[in-house]
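Structure in structure tokens, see below.
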Amino acid sequence: MLTMLCLLLAGLAMLTLPALLGWVGVLRLGCVGAMAAMAALAVLALLWPVTEVLALPFGPPWAAALLALDPLSAWFLLLLGLAGCFASLLVGPAPRHELVAYPLFLLGMAVCITAADGFTLLLGFEAMSLASWAMLHERRAARLYLIFAVFGGACLMGALGLLSAGAGSLGFAALRAAPPEGALALAVLAMVLLGAGAKAGLAPLHLWLPLAHPAAPAHVSALMSAVMVKVALYVLLRLVFDLCGGAQPSWWGVPLLLAGAGSAMLGALRANLETDTKAILACSTIENVGLIAVGLGLALMFRGADMAVPAALAMSGALLHVMNHGLFKCLLFLGVGVVLEQAASRRVDGLGGLLGRMPVLGWAMLVGALSAAAIPPLSGFASEWLLLQALLGVWRTGDALFQFAALVALALVAMAVALGAAAMLRFWGLVFLGRPRSPRVAGATDVQGAGRPAVLLPAALCLLLGIFPGLALGLMQPVLAQWLGPAVPGPGGVFGLSAGDAGARYLVLPAALLLGLLALALWRAGMFSAGGSAARAPAWDCGYIAPPPHMPFGFPDTQPSGAGFAQPIARMLGAPLLAGTDVVTVPPPGSPVPARRRAGTTDPTWAALAALRQARHGLSGFLDRLRTLSIRHSLGLMFATLVLLLAVLAVLERP
Amino acid sequence: MIAGIFSLLAQLLHAGLVLALAPVLIGFVRFIKARLMGRRGPPLLQPWRDILKLLRKRPVLAEGATAITQATPYIACAATFLAACLVPGFAQGMVLAPMADLLLLAGLLALARLALALAGMDAGTAFGGMGAAREMSLSTFAEPVLLLCILVLAMVAGTTNLDTMVATLRDGGVGLRVSLALAAVALLAVALVENARMPADNPATHLELTMVHEAMILEASGRHLALWEMQAALKLLVWMALLSAVFFPWGVAPAAAGPGAWALGLGLWSGKLFGLAFALAVFESAIAKLRIFRVPEFLGVALLLAALAVALLFVSTGLA
Amino acid sequence: MGTLAYDIAHVLGGAMLLCSFLLLSQRRLGALIWLLAAQGVLLAMAAGWQGYTQGATHLYVSAAIALLAKGIGIPWALHVAIRRIGDAEADAGLRAMPALLLGGAMVALAILVALPVSTGSRVLTREDLAIALSILLLGLLMMCTRRHALAQAAGLLSMENALMLAAVGAAGMPLVVEISAAGLVLVVAALAGLFGMRMREHVATLDTGVLDTHRGDPR
Amino acid sequence: MWAVLIPALGAAMLPLLPRYAAALNIAISAATMAAVLALATQPFPTEGWLRADALNLPLVLVAGIVGLATAVFSAHGRLAHSRQYHAAFQGFCAANMLALLSDNLGLMWVAIEAATLASVVMVASPRTTAALEAAWKFFILCGVGIALALFGTIVLQMAVPAAGLSFAALRAGAASADAGLLNLAFILLLVGYGTKSGLVPLHNWLPDAHAEGPVPITAVLSGLLLTTAMHGVLRAKAVVGANPGTVPPGTFLLVLGVATLLLAAFTLWRRRDARRFFAWSSIKHMGLAAIAFGLGGPAGNLAGLIHLLGHALVKSAVFIGLGAAITLKGSQRIADIGGLVASHPALGWGLGLAVLGAAGLPPFMLFASEFLLVTSAGRQNPWLLAPLLLGLLVGAAALVRVAQRLCLGPATPDAPGAAPPGLLVLLPLWGLLLVALLGTLAMPATIAEMLRAAAEVPL
């Protein structure tokens, strides 16, 4: 099976040749095939876990590169395979370097996921960052992105070094054998949180994300948002959960929990305020990463407290959300790409009324948006149910610290979930409902060709995983067994999920069936009741006059705009949390000028970044004075150095 | 066996009752409010009459309205009705009891809310969008309170399954009424906001700038409007039933106990519902509506109460 | 014999050290060059004496090289250069007193480092090492304090003398060192002269401080 | 040893044949390369004062490669016909090879000296005052440094009189030698050769020397001369470290290295001149290598060696690409060079990748070495991680910024009549990048074996 994996990786590497020659068709076909094969391979590896480690014939000068495909890797590889398969369907003509970078991006992620030693892990990690950097279009975003990536990589290097203090080598087996203890382990945790957090977009290291994701072509930002941040979370899982061993204290989960809740809140709030569709989706990625981090933190807490069942609950919730978010976010980004190509706009204020023009895309994206909004019976709700159940169970640990942390986290997560729902409604509603805001939108046609499977398949998977979460949890069982021992029961079942303790269950299948039946029954009833089919008329809209004929879609200003729709939340939450400004200028009575509203928010973390930049600037300016020394002074410097060293020597040699 | 049949029968009866009772409850509230204002007030069945009348009218769709407008009423109504079926009424332990998870309940209500908001945005009118935006922002503040109240109940009863919870609370052995009382107040506030009642919204007005719920169904008509009215009524019932079941669980009959026990439970349940409706009417006519941007403060107080309740429970569990 | 050899070597080394003290405090270029010549001659004598005591014939060769290059050749070349340039002006370096004080400190440091160092090795080597090190440090100090190109070259030269002194003091040192050192010295002188000429063309003085204004990438 | 003789003869021969100087130059470098390869195949031959061992063979190989690439690049642009340039170039290569291969420390010193003088001549050749200032500073500082290094060599000889300055014999005899003399020798050698390898605070000659004079020189200065000087420090450390009684030499290296890394990383942010910018990044990399060797131990030394090799390859690639860009744009200010990708994709991406490689991003050798360095630092001395990561991050950020300035964005206008980058540029540029890539993942087993053996030397 590992040899299969190697062949796939080699194939991906080979795909740079057709990319170099500009054969888009071959590239697309190859990427789709390779990714599909990878997903199949991952499923196989989950059904029949692979334990052996494969040493590649090449590697760094000091050791061979190792590959492995244990259940944890396989789970993330499955996500990569699926999302990569869907995204690759939309690979289109592009500048040469972007074509070349794309397969390398996929390759980097795959290598990082399946690596079995520190060097290979980091090699894949950095290659992933570099390749995706090459595909960004805006220089500022690209710079910030790459610098954050370098920061993450450096922190992870340090973490690996500290981790390997006990073991000689960097192979995962050796590291597992000698887990760190005490302050060293703490340093490892901090380093990994910084490194992986910077890549996953955990607050306060999330600044690059809403800039970088919109700057890439649709299929790339789909992969960045759906898989790349998850790869960072995989690294976190691998280093903290796996390699640090099971003996770590229980409070390790707390920072992860709070950071996760915070970024969930922040991301969801920003998602409600952005007006660029891709930025909205990127911010919702921050939110979902935060939710996953909450789950992981809870899992650490429970394991530390020797509560295997809730630990399994939290862990499976997090992992399931990894998969769900990957799928629906991939779907949404791809859909936005299609919309951009059809309607030539990314801003919600430039779109509208697309459901009538692109029904297939619209309904598929509705499925994605609803499962992103955690609405039963779609996939998002299942994983968030597990996470909330885990949060509701923290009080059983009986430790005041955890209890109050969980209290705060619960309030934040609840608010984040509601905000996320609001953001998704705003996103989908403004884009697909209402009236077109530009002629180009009015002329849009529905998604064709390769785009259809690219959006329909993930939508179908969202439905499937929503109604049968047991499937995913069954596949996930080996991961839990690998981490908590084979005895632990997973929360999955045929009819739905069960939270272990007394009878808290989410019977999604019957609920979905009943829901469908009831809706159907009501519909039939409505049909039978007299009155007949519906008639059409101009919208009443509290008596607005019908638009003049030269404006077939009415005045755009009579529709809620992105900023207008965001106004209540901006005033209720944005003003206190994001230093929001909201200035309304009302013209004097009788003047024909419309009232104008100028609103804006700034992420407080920008201030911190600016302070750092200021400090760097000042320090470099100070040190740069050394450069202007004359020859004699440089000689003097040399002389002083020599004298100093000799003096040190003289002191050291005093008997 | 016999228990299974009884639980099925109880469930069917409950469903029927819910469906029949919801508009009546609305009518009751309006009647009391009218009385308190010194008017004679409409008969209790007036809402039913309106709904039936609307059902017979054909809907008129706005130009550019999509299938969303046509589909959402059914989905929202079905979701709310399912939620109503899950909340124990005169009896607990009905067929759907295992499904009655509080989080699922919240999810179903969220589904209904989202459907409503989508319907409001479909025609692309100013007021629909405004109503949707306000509804979602208010829910943003209601959700944390709800979750914290659920945490309180889960800690008291040891589960989030509503049915088991009701049984536990009814059979007593639960101390700490203080935190339960605090949670009750908080949950009441949530219920008011969720049902678009005073002080968050005025159900009687059509003055555009003050309304939330009505703004979203401005374009609805005919049977769609009927379904929306029905959904609103069902939602009110769900919340009242929830409050009464959780905080006044006395006399909720075990479904297997048979018709005798049901009758008693039925009496008590309707008493609780109408009592709550009366209290609501009095409350609404006693106070004025808040500015929309003041509602977060209102819910913030509720959040504080809920957090206090949770903290008290932490302390007690820590002591115990 | 041992004590005599020790004393003579010591006297020669001390004389060289004295020379470089004078170099340090000397301000006029002409005198500077004379002092260099003297130091070169002393070096040659020291090398010859070492050759005699160690019975190593190749040291005579190096003594000859030193005499010809450092005692005669280079001073003469520098004289010519100065006459060509024609500015023997006093060179604004450190003042005499602080320069001498610093020099004293350097000698102290050298002894401090050298004395505990080579306990166990031959006394002769140790003394030579101390003296050579201090001459080296003095030459470096001179290069730091003087701004005139030729003065700096002179400092470099006295450093080379220190090297040679140490080299001839080290027993069994292959010839390679002397040759290379001599080659280095020649090149040093040649380049110094070259730079002198070159600077006449561009900047009308031998004051290297002027060069600092001609650096690329200003702030 | 033909590896030394061929370029030496070439240096002597080139002035006689001015017409074909460029082609001849390339041919000589190719021949040298062949000789080096032939050398690498035999098991560690020894000839008189020359000896090839595990430490210097990889360096010699890389020196051959860089020399060949730079020779090819030298045929591009104005320089192609100046014969004294080519002669000096070959002389420099010969001296460099000699310095790397010599077993006798005295001989090594002579060779480094010769290399310095050759490069001083090349730096001064434009005869502008800026070039003059740079060359004079270069000459004075390095001359003094060289003198100190010679003194250190002599002290070594005093410490182990029997060895006759043969490295092998010195290592053998050092254990029984007097610790004090060894300490003194190491200090002197460190300051001496450290000056040539640009360690702070002995670095002040480096940026200006790299920024003046013909462009290809910068490639060999930064790629070969610094490496050779650091190799000298290594030899000294190997000898001194062989005696347990000495003050551990690693500490001195470590301190200087950290100072170098931090100063360079921060100074990078204030550069407006492209060549000075990358000269400072060379200083930074020397600091990293010094830290690695200061850490010592098999992992640290291996990291340092790989870093030296990777730096030689990647940085000369950078300077070749940059040189082409400078001749293209007619200016070496960063602001005047921009949007290379838009105008000349092959050159732009090559230069961009090289710069990012210099920033320590995969898949080039510097990534491997920095990874090994950071991990072994975390393993042996966790407190070191703080300055190390800070320096790496600040420096890498500056490099990323400049890489984007140079390569992305709208293209700046080319200088009129500038030679477009042809194969003479792209071939060496991408070739060096390819070698650096192979060195990361698929280094030939024999070389990797040598590196590991060299790293095992108990320092």
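Brief remarks on what is shown
We just call them A, B, C and D in the order they show up, numbering each chain from 1.
As a convention for this text, a residue touches a chain if its C-beta (ideal position, glycine included) is under 8 Å from a C-beta of that chain, and two chains touch if they have at least 3 such contacts.
Quick caveat: nothing in here was measured; it's all calculated off a predicted structure.
Counted as hops between touching chains, the shortest connection from chain B to chain D is 2. Counted by C-beta pairs in contact, the busier of A-B and A-C is A-B. Taking the mean of C-alpha positions as each chain's centre, the chain lying farthest from the centre of chain B is C. One simple way to say how far apart two chains are is to compare their mean CA positions; for chain B and chain C this gives 100 Å. In terms of their C-alpha centroids, the spacing between chain A and chain B amounts to 35 Å. Centre-to-centre separation between chain A and chain C, using Cα means, comes to 69 Å. With centres taken as mean Cα positions, chain D sits 31 Å from chain C. Residues of chain D found to touch two or more other chains are 136-137, 140, 144, 148, 180, 183-184, 207, 270. Counting only residues that touch two or more partner chains, chain C has 113, 116-117, 140, 143, 208, 211-212, 215, 219.
Taken pair by pair, the chains that touch are A-B, A-C, A-D, C-D.
Of all the residues in chain D, the ones that touch chain C in their complex are 104, 106-107, 109-110, 113, 117, 120, 127, 129-130, 132-134, 136-137, 139-140, 143-144, 146-148, 150-151, 153-155, 157-159, 161-162, 164-165, 178, 180-181, 183-184, 207-208, 211-212, 270-273, 276.
Those residues of chain B whose C-beta lies close enough to touch chain A in the complex are 55-68, 70, 74-75, 77-79, 81-82, 96, 98-99, 101, 103-104, 107-108, 110-111, 114, 117-118, 121-127, 129-130, 132-134, 136-137, 139-144, 146-148, 150-151, 154-155, 158-161, 164, 208, 218-219, 222-223, 227, 292-293, 296, 303, 307, 310-311, 313-314, 317-318. If you check the complex, the residues on chain A that touch chain C are 624, 627-628, 630-632, 635-636, 638-639, 642-643, 646-647, 649-650, 653-655. Contact residues on chain C toward chain A in their complex (touch as defined above): 106, 109-110, 112-113, 116-117, 137, 140-141, 143-147, 208-209, 211-212, 215, 219. Interface of chain A with chain D (complex): residues 58-62, 65, 96-97, 118-119, 122-123, 126-127, 129-130, 139, 142-143, 146-147, 150-151, 154-155, 157-165, 170, 184, 187, 616-617, 619-621, 623-624, 626-627, 629, 631, 634-635, 637-638, 640-642, 645-646, 649, 652-653.
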